[in-house]
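One structure is given below, encoded as structure tokens.
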């Protein structure tokens, strides 16, 4: 039965995707992207990926829409030109889709426990996590410890992307011409959303911290928590105007956060070397190797969360400042 | 039922190609980025689908004593990829905004025309 | 019994999606996004129980909290657009 | 007692499902934005209350119930607010209510 639910959600997803490509109104396309994100998160949950669904919830529902909309406000809402080489592209795309679908017939069936993916390292992770790290969430264990190098790389990609956006949008002549006093007030005149939003902000922050520190026991971790905390500050900025948000967490502080996150991560790795282990080997951080692993994961998750919060908020402010 | 076992992969192929179509056929740069996001979503779907095990549950141990868990590795890869994806999309949007400021347009062919002048 | 709710939710998501695709105004589409958001919260909570893993209610909680931001972003976008149009009109008046 | 709770929760869940479905149909079939919004938002809250309370009865006293109460509380706060914000934005932007419904009211008054 649950398989049927998944199939239904996927069908809706395909319809949404076609509608996204067909519409020439970019605002509508962004709204439909929001729907696609919700559908795909539901699907991730059906496919047992609770952590991934939580990430998609944190990123797709709020931050992605906010970023796309602020970019639309700076450019244009309408797609003016017709598609180029429509027929040729359709032929290419259809042919490639056919080849891909043909290739899937060789794939193991959905949910097959004997598929090559399931028989390689995954059983080892599931078996050894209680022994080496002793935390219930295997995803966090793999993310933080077994594949710590990967995560370090991802954190640096996020870091680089954030710095890139700041380089692109942090300088130059802004093109907007809105009156300063009007742009700064946010949604302050919409009383009801403002009151409700103010009630929600502390809860979102609290939930973000819960996700950060509960990530070893349930779905969660630094990536999700960073996005959720950033979302709460973005909510504040939308309600009270961007200036008030900047006076709470200034651009300088955010820059600091962007830099401190990877530094914490790297420092934990180097501490491993100094204490006689390997880079990112947390076992030596404490006299008890298991406790050391847990401490290491806690620290690097904190680093990840700080980086993600800093980057997402800086990016949001960079786009918002451009509109002035 | 046997053939439905491939449905997720077909959706992956179709979504991937819809995103790809938006990237190659559309001239609006933001539309191209939206297409790229769809493309990403398709890849995420492929990975997570491969990690699913029949009768399994999410790879988080609990007191209920479930014995079968789905594969944690694809989930780790995609979890980080989603956040990286939004960061890189933001970078792309930043480039588009700068292009709009320099050229006054976000349509690919108009930008090319201005360049050729 | 959970199945009944799940099916009703999924069908409603489908109906809302049709509304989002048909439009006609942008507000209809935002309404549809909003509907699908609430339905996702319900769907996630029901499926958490269907799977027998109630600890995954965190997901529903995340959506219940964060969906609101999207709507506010849309509102802010509309407000900015109206502001932009009115300043453009003012400038046109000065030039004449 | 358990059977009673089960039956009660099933009734609530079924009613909730029905309410959700009616909202979906209304959002699709109603003639203009405001009637659609009316159909969607009212049933949204009703459906959420029925379904979540139904699940709560199944969950009993546990951490899950507290989380469900939180979910319900936040939904009841945000969902009407979003509807209000959307309706006010639409009204300010100049979307007029459906012509015929206004005419009906006028005729009724005469």
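Going by the order they are written in, the chains are A, B, C and D; count residues from 1 in each one.
Going forward, contacts are C-beta pairs under 8 Å (C-beta built on N, C-alpha and C of every residue); 3 or more make two chains touch, one makes a residue touch a chain.
Nothing here was measured: the structure is a model prediction, and the numbers come from that model.
Novice: Among the chains in this structure, which pair is joined by the largest number of C-beta pairs in contact?
Specialist: Top of the contact-pair ranking: A-B.
Novice: Between subunit A and subunit B, what is the separation of their C-alpha centroids in Å?
Specialist: For subunit A versus subunit B, the centre distance works out to 12 Å.
Novice: Please report how many Å separate the Cα centroid of subunit A from that of subunit D, as a whole number.
Specialist: 30
Novice: Can you work out the whole-Å distance between the CA centroids of subunit A and subunit C?
Specialist: Between these chains, centre-to-centre, one finds 19 Å.
Novice: For subunit D, give me the residues that contact two or more of the other chains.
Specialist: Within subunit D, residues 74, 78, 81, 85 contact more than one other chain.
Novice: Could you say which residues in subunit A touch two or more other chains, in rising order?
Specialist: Correct list: 50, 63, 72, 190, 193, 196, 200, 203, 218-219, 224.
Novice: Listing for subunit C: what residues touch at least two other chains?
Specialist: If we look for residues of subunit C contacting two or more partner chains, we find 13-14, 30, 32, 53, 55-56, 58, 61, 65, 67-68, 72, 74-75, 79.
Novice: Which pairs of chains touch each other?
Specialist: Touching chain pairs, listed by label, are A-B, A-C, A-D, B-C, C-D.
Novice: Over in the complex, which subunit B residues touch subunit C? Could you list them?
Specialist: 57-58, 60, 62, 64
Novice: Help me check something: in the complex, which residues belonging to subunit B touch subunit A?
Specialist: Touching subunit A from subunit B are residues 2, 4-22, 24-28, 30-31, 34-35, 37-38, 41, 44-45, 48-62, 68-91, 93-98, 100-101, 106-110.
Novice: In the complex, go through subunit C and note every residue touching subunit B.
Specialist: Listed in rising order, the residues are 51-53, 55-56.
Novice: Report the residues of subunit C in contact with subunit D in the complex, numbered from low to high.
Specialist: 1-2, 4-5, 7-9, 11-16, 18-19, 25, 27-28, 30-32, 34-35, 38-39, 41-42, 45-46, 49, 54-55, 57-58, 60-61, 64-65, 67-68, 71-72, 74-75, 78-79, 82
Novice: Within their complex, state which residues of subunit A touch subunit B.
Specialist: 3, 6-7, 10-11, 13-14, 17-18, 20-21, 26, 29-30, 33, 36-37, 40, 43-44, 47-52, 55-56, 59-60, 63-64, 67-68, 71-72, 74-76, 79-86, 89-90, 92-94, 96-97, 100-101, 104-105, 107, 109-113, 115, 117-118, 121-122, 125-126, 130, 136-139, 141-143, 147, 150-151, 154, 157-158, 161-162, 164-165, 168-169, 172-173, 175, 217-219, 221, 223-224, 226-227, 308, 311-312, 315, 318-319, 322
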